[in-house]
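Here chain A shows up in two complexes: once beside chain B, once beside chain C.
So, the complex of A and B:
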């Protein structure tokens, strides 16, 4: 298999398999999670200002008082790399073209130099967060294989995409194929790991917010 | 046309100065030192018609057309005339037994010294019966001609990589020259057709230095195939700005914006079109408004369609819809299993009464 065949495979059967497993996993887990249901809270609801599902959805995006100072890397780094990922994934013209081809949706792209900068900043933030995770004893203690693994499968698409554009290490064709393959691995892994928070994030915040609002606690 | 090349060139109205300029250009295109231009000019001017045998196999004659009719008269064309092309079915006057005799004589007289040019792929299916010349299969002819060759030039994508005949499902079992010949220096000049100046560049290098130019991992001269079309494209700034033509006749197309979204394969194609251009530097495919097809890369024909951008799926998704249905099914089934478990737990729950506590 030469590099063009490799590229054609990841653009063809490889993508088909990855998107298939991704859809299967996402729908399976969403159905399973949301059909679980919870026992009705029979106590009389209490009321408190700022306590509701919607409040919690937004409030959880901000650090609770004092925590930003205690773990700035987690918050600032987390913000930077999530926003950076969104810029790179949804702002780069070839990515938009893929989404357009798969879903029919499209929007204007950003200049590639800006995407380039965003990719570098994203990677830097991710590396800083990894180092922080290794250095902080508590974080390290709490980390399981899944944490290291999901970091790697998130980092690799950014790295390989950036390297492909910059023509580093491997010829562009091979690097582009490796980049697409790394995204396919991410797609396959996403529904079955903590990366599924991309789908459950707001739902679980809403749930926690509501349950606590019933008790009169704004969380 | 006997005698040194320079005499013939002069007869055809090409001055020594023009010829020197041409050689200097060739040398610089091939990233050779400035002195190589002069060395090339001297070597080529004095050249006494090296014997060249050109065997056409499973091909469309487009490669020959590209060289001989690029535009007229070219120095490329003339230099091409200067070599002793002892066998080239399309160009030679002889036919039948005469032609065969010319081939065998050339091979015998110049054994170990001639340059063998192949265009077209070699079919291996049905014992090579898909393409025969004088009742002999291409495979047989190639093996015989390769034995006495000093070097082999695989001209065009078919000879270099199998090309269109090798396209899925490859009905004739087509393969490239390098798939068969392993013990001779081979230079691949892919392209459908290849750029004429690349051919003369390789020829000039061979005549001057007696060796083939530096090749990349696919056997292509690095000087011409070292960079991608995309990296050398004059439309590249539009790609970087995110300005793309969406159709072949929209405003973007009229403004000369990037053709990536229309399926241009420039980013993965190594060739010299963007710099050498075609028809004496007149234009080239992307300049004329069509994306690059990637014709100088192996299996370009099966690379997911000419009008699909590189970031688009090469094939329509086949299993995605079925996978989604299976996913929903699995989710629903697991939901029922979970609910049943919950129901069973509820049923098994024993209510604690006051009497139980007082026991």
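So, the complex of A and C:
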């Protein structure tokens, strides 16, 4: 297989397989989790302003009092790399073109120099988070193979995409193919690892907010 | 696999619901829950990270309820939960967790971690891995009627005492009374002022109330150990008593877990909504105050602070009321850092104070509370939970700190004039 065939494969059958596994995986996992259901709370509810599942879905995006100071790297690094990923994934014109070809949906892209900067900042934040995971006793203690693996699987698409645009290391065509392949690996891995929090965190925040709103506690 | 382990694992499978599944799937191992847990912040030992305390439950979830986990189990790639492991986890699930709920308040993905610890304890208890101290408390509550072995004659003796000392009647088994007042053993044995305070307050408010001879103990060690069957037996006594006496409201004493057991878990344990309301005494006092039925005179002038019981505030929603009441009788009321919703636990909630072998760790964790006290240097501490009170007193003594701890209800009652005219009885 030469580099052009490689690119053709990752753009064609490779992408179909990855997107297929991703979509089916997400649907299956959501079913597996949320079909377990829960019991109705029979205690008399108390109502309080600002207490509901939806409130908590939004409120938990902000650090609770005192926590930012105790773990600044988690919060600041976390914000930067999540927002950075969103900017790079959804703001880069070629990505938007791909989505348009697949779904017909389109939106204006961001200037490529800005995307460049966002990619570098995102990678820097991810490296800082990785170092923090190695250095901080609690994070290191909690970490399993999955934590290192999912970090790498998330980092590689950003790195290879950035390198393709910068024409670094490998010829553009090869690097682009490697980039697409890394995204495909990410898509396949996402539903079956902790990366699935991208979907379940809304449910989790909602359940927590809902259960505590029943007691009149805005959490 | 031993019979009890098998039972424990069956219970663990049963308690797993969609929220628990969603929580486990959402965890990204960020470790922020550790920063919210006094057992971690005061020891620096990562094993006290709240989400780690649930590791055996997480594996049961993965092995039983996820496709990949089931596949891994089939081909022998997963690590089964063993008796030895659960035994090791006892310290993490009981000694080092007071069910204070701070972890659930900070988790960025929204995991209600304390909800899972409460559920995990069901399996720990069923598989015989609960600490002896709480086991004993549950057994005494089920067989004798109270965790400290208090029986009705002890309550009657105290009733007589209060009647003689204050000249106020203590009604027992009065059908149709508006309020049924519950007690905790701790109050019967250590803090008899509580009953006198309630009598004085009810007398001034002109409300009808009663104690119940078949249900005077409000604490529920079944909840703390995590055994819903026994918790149900204990709570059912109160439900039957309240229904027999046809009261409108059952008043939970100054006890955090009694409140949680009655107010939030009770109806779910008996499987139907209550026909009466459940209120904490602090909520009742706040209502009386709003209705003009609670009239106090004079003020405390020394520096007072309020220790929020976790089950009352974070897990119960009674946040503003104690502050209103404090300001009613205290001129110099100061708040500690993190007071209110994010307050730090005394270190002995959730049954932890009943675990003898957990004492050293509890005292270590108390350093957090100590630092809160040192930040405002109060002359006295007021609280609204008899268990917090005893744990605070014992820990303060250990650290040789001269700091009296009092109950909010009795503080309020001290400011009710002795010859206060009784409000017209409306019933």
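As a convention for this text, the second predicted complex is superposed on the first by the 219 of 219 C-alpha atoms of A that agree within 3 Å, B and C clash if a C-alpha of one lies under 4 Å from a C-alpha of the other, contacts with A are read in each partner's own complex, and residues count from 1 in each chain.
The rule we apply is simple: contacts are C-beta pairs under 8 Å (C-beta built on N, C-alpha and C of every residue); 3 or more make two chains touch, one makes a residue touch a chain.
Note that the structure is predicted; figures quoted are calculated from it, not measured.
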(request) Put chain B and chain C onto chain A via the superposition and say whether they clash or fit. (result) fit
(message) Comparing chain B against chain C, which has contacts with more of the residues in chain A?
(response) C
(request) Applying the touch criterion given at the start, work out whether A:128 contacts chain B, chain C, both or neither, answering first, second, both or neither. (result) neither
(message) One more residue to check, A:74. First (chain B), second (chain C), both or neither?
(response) second
(request) Write the angle, vertex at the C-alpha centre of chain A, between the C-alpha centres of chain B and chain C, to the nearest 10 degrees. (result) 170
(message) With both complexes superposed on chain A, which partner does A:21 reach: first (chain B), second (chain C), both or neither?
(response) first
(request) Report for A:32: first if it touches chain B alone, second if chain C alone, otherwise both or neither. (result) both
(message) Taking the superposition on A as described, I'd like to know which of chain B and chain C A:138 touches: first, second, both or neither.
(response) second
(request) Please indicate which partner A:152 is in contact with in the superposed arrangement: first for chain B, second for chain C, both, or neither. (result) neither
(request) Identify the partner contact of A:185: answer first if only chain B is touched, second if only chain C is, both if each is, neither if none is. (result) neither
(request) Give, as a whole number of angstrom, the minimum Cα separation of chain B and chain C in the superposed three-chain arrangement. (result) 6
(message) Quick check on my understanding: which residues of chain A belong to both its chain B contact set and its chain C contact set?
(response) 28-29, 32, 35-37
(request) Sort out for me which residues of chain C touch chain A in the complex. (result) 16-23, 25-32, 34-36, 40, 44, 46-47, 49, 51-52, 65-68, 104-112, 115, 263-268, 271-274, 277-278, 314-317, 319, 338, 341-342
(message) Applying the document's contact rule, which stretches of chain A touch chain C when the two form their complex?
(response) 28-29, 32-39, 41-44, 46, 48, 56-57, 60-61, 63-67, 70-71, 74, 78, 136-144, 147, 192, 194, 196-197, 200-201, 203-209, 211-212, 215-217, 219
(request) Spell out the residues on chain B that touch chain A in their complex, using ranges where they run on. (result) 218, 228, 231, 239-242, 244, 260-261, 267-268, 294, 297-300, 302-304, 309-315, 317-320, 322-324, 326-328, 330-332, 334-335, 338-339
(request) Provide the residue numbers of chain A that touch chain B in the complex, in ascending order. (result) 2-5, 7-8, 11-13, 15-17, 19-21, 23-32, 35-37, 93-95, 97-98, 101-102, 108-113, 167, 172-173, 176
